[in-house]
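Have a look at these structures, which come just after this line.
The following pair of complexes shares a single chain, subunit A, combined with subunit B in the former and subunit C in the latter.
Moving on to the complex of A and B:
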């Protein structure tokens, strides 16, 4: 494949996300490592959303649901493990867990199941109905989490110690960053393969012309639902990591502002671009850090920037730098 | 559980329902006529409430405060339409969602910057405070009853506006075929600004009326916005009649569910867990209602096929 300006940009971005924390590590600046970890995790959530949004054309405004479910999977398992209260005793004794791989598995399975139910109901509709319904289901879980007093309700759930990963010290910022970074790279690789696989091509075709896809014997509904489930599962995994980063999970993770923010990562970078969420999340963290230092009301600037991008620079940052060709679709 | 309590809660549900209708009417008109999904509608609700609280603080007059809420929200709506929204009509829904989400950030943080993070309070005027006796021996707050009456009056007014007036004919024609009415000489962009400002004014009025019961604070519009979305999804997007039906249904379900579900659960659970299980289920009830309605009618109660 001929390297395009976009693929050069992608490599530069993914390298920068590695080099910055490594430099910070050698300069002993743990705060910058934490920022980079946050960017990597939020980018992962964006990669998840981008499968539904960019590839499938499904404008989900409820992805905070999966992000939050991942977060609560971490919170609930770890809370039971740290308090020595079994999560359930039947059919076998399960005391919760503080092992990341198991937590991730639970987060993925739970958010995938939620995406299956929400997707199966929401995908009966399309267009503006789909946007509002995904939004409404997200809010439903948000209000449920607020009223669910067993796991902290409105106050959320704190974990004293970050969970373990075999062979690593997760409390060391650079080692936790490495975990997040490797997962992000795996997800990007998976998303790239998915986009080129027969499934991804069929999904993109269903976005462009559902009638023709149906005419050649494929079912757009099934394609979209599968994409929605995969998308939700990846965002759920990001939620578990995000909760582990903060050692805290609260209903805020489920609120529709979070859905909007995940969507902003995708858009700042460029919709449908494989590395769009990476660029977008990094830019978001950078803006939050830089503008947040200048003014408490930095989100005004974020709003103005987002508005300008939507109105005048529709390809996002990658589109502005690399021209209009697209990564896929 | 007496019948007085039930009647009181039905009135509370009606009150929530008419306020939701004021929000949902603007949303559904804007979608029906311009094909635009506006997430920033909740910001206009907030603008109305803040304008009312500020004017009530300066003048002490509740009536002037309500006027101010209408004027400020309509002005903010018209400005929003002229500067941003009109560039979005031909864009896809994703651009509309993002641009109006950006407007929320700008409006919310701008309001926080102007008024601070602490909630403001808007007092119910003395001539509307206190209870009133209704037939059947019910004591009900006069202010809430006034809200219900104002909401119902506006609903009637809106139906008359749309069914009987020239501007209503243009709005309906705009829903059916916007190229055609532009060709017939109607200034379509002025019509759009007008519809948007009308929806904004209704949202602002709702914000001011509810602001006197709850506190006036940044972000107050968003929970209402989402309820209004549920309302218009249930009613069918673009239908005023659907918005009214959906608003009353959601208002009743939310209010009655919140009060009676925990009590219902005590019949077969111990009180403490019944209260929390009932509250959890009640908070999800309207969404379950929405899902159930969509299973039967994917485009809402009064929606055409989309």
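Moving on to the complex of A and C:
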């Protein structure tokens, strides 16, 4: 197969995301590595959202819920590991943990369960109602976290030491970056397979024409719910990593601003484009870093850029650079 | 008498004061094409929706393959073997022609929850999909985007996707709608042979096609079936002439 411009761009993007922190590492610039780590983690959150939004056409303004649940999964487990109090003793002893793999598992399971419940309720609606209901669920969790004083309430939870990953020193920025980067690559691989699998074909068809999908004997609701759960789980995993990056989790992770930001990554890069969230998140971090130094109101520029992209490049940046998506086999 | 594949019994459906279906009873038998005709607003679409499962009738039942399916939804009915084509093409427009056909084959197989293998490399699905496209003369267009197809080709693809389900009966809502005469003749010829595989309940405005194809014709006027019979019986029926064909004679 001849590589398309889009696949070339994708490779360039994923290579750049690797080369920049490696260069920063050799130049001893840990701050840049941290920025790249943040970009990779936010991209991961976007990859999650893109499965619902891009593939399934589900405009969820509540993905902060999953991002935050992932964050709190990390925060709560690590806080209990920190003070040696078990989370609960009945029906079985469940202690806190500072082991990333376990934390990720808990984050994935919790956010998937939340996505199952939220999705099952909100997918009965569509269009604006769906946007509003997902937003409402997100805000519910946000206010719940604010009032949950056992885990910091409004102030959030600080974790003193970054959690452990077997065999790695996670406090070394480049090693933590490696973790985030590998997970992002795995998620991209999974998302790529998913889009081409029978499930992806049926899901994207349900976005284009639900009547057709029903007429061939498939249920759009189940397809969408499954996508929503997968999407929430990936975004939840990103939340756990994000909390670990900052060693801090607060209700902000659950607020609708966060949902909006994740959606902005996807839209900036290109809705439904596999690497859209990577481009979007990287650009976001870049702008935040460059323009944030000029003005506290840097998001005005982001807003202008978003407006231009929405108006003139419907496929996001990838669409503008690589052209219309090929209807490929 | 041939086996009854589809049967409606006393279907009634009202929207407020408008009674769109009044006590509609009809059946579809193995090997036949049963055409449903009627002037605009006669309630054909409402009836189709009740048969397909989009609308729940106020009273009456729908039987599919001897089983009461009144309470089942469109998906369940499709799974039982109801192959439907839409009046307005309902296709995944961003997909290629082949992807649409593969979607149909996937639905026919009924297991979409596979997350890893490339669906467009599944030999069974591809075989079914290509087979259906070949039969409708769309083999050359397999890799084109559905949105780039002509109207007539989309109508053919509608039928091809229904074929991939290998249904037990077809429910076709104006498959010829908007086709130019050559295309209409070609599709008429195709449907003519198709009845041997599975019977067709055909809603159609193209009277040439209806009288050429239908083993039986039912005439729907104001939500009510006023006559059912062979083409000749329907032509000779005074009530039908007055209610329906008369309008064409005058035109």
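In this section, the second predicted complex is superposed on the first by the 325 of 329 C-alpha atoms of A that agree within 3 Å, B and C clash if a C-alpha of one lies under 4 Å from a C-alpha of the other, contacts with A are read in each partner's own complex, and residues count from 1 in each chain.
Everything that follows uses one rule, which is that a contact is a pair of C-beta atoms (placed from the backbone, for glycine too) under 8 Å apart; a residue touches a chain by one contact, two chains touch by 3 or more.
Computed from a prediction, not measured in an experiment: that's the story for all the values here.
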> Looking at the overlay, what does A:83 touch: subunit B (first), subunit C (second), both, or neither?
Replying inline: neither
> So, does A:194 touch the first partner subunit B, the second partner subunit C, both, or neither?
Replying inline: second
>> Tell me the contact category for A:208 with respect to subunit B and subunit C: first, second, both or neither.
In response: second
> Given the touch rule stated above, what does A:147 touch, subunit B (first), subunit C (second), both, or neither?
Replying inline: first
> What is the contact status of A:169 with respect to subunit B (first) and subunit C (second): first, second, both, or neither?
Replying inline: neither
>> Comparing subunit B against subunit C, which has contacts with more of the residues in subunit A?
In response: B
> Where on subunit A do the contacts from subunit B and from subunit C line up?
Replying inline: none
> In the complex of these two chains, what residues of subunit C are touching subunit A?
Replying inline: 52, 73-75, 78-79, 84, 86, 90-96, 98-100, 102-104, 106-108, 110-120, 122, 143, 145, 161-162, 164-165
>> So in the complex, the part of subunit B that touches subunit A is made up of which residues?
In response: 31, 37, 84, 87, 93-95, 97-99, 101-106, 108-110, 112-113, 222, 226, 229-230, 232-233, 237, 276, 279-280, 283-284, 287-288, 290-291, 294-295, 298-300, 306
>> Give the list of subunit A residues in touch with subunit B in this complex.
In response: 53, 59, 61, 121, 124-129, 131-133, 135-137, 139-140, 143-144, 146-150, 256, 260, 263-264, 267, 271, 297-300, 302-304, 306-307, 310-311, 314
> In their complex, what parts of subunit A are in touch with subunit C?
Replying inline: 193-194, 196-202, 204-205, 208-209, 211-219, 223, 226, 325, 327, 329
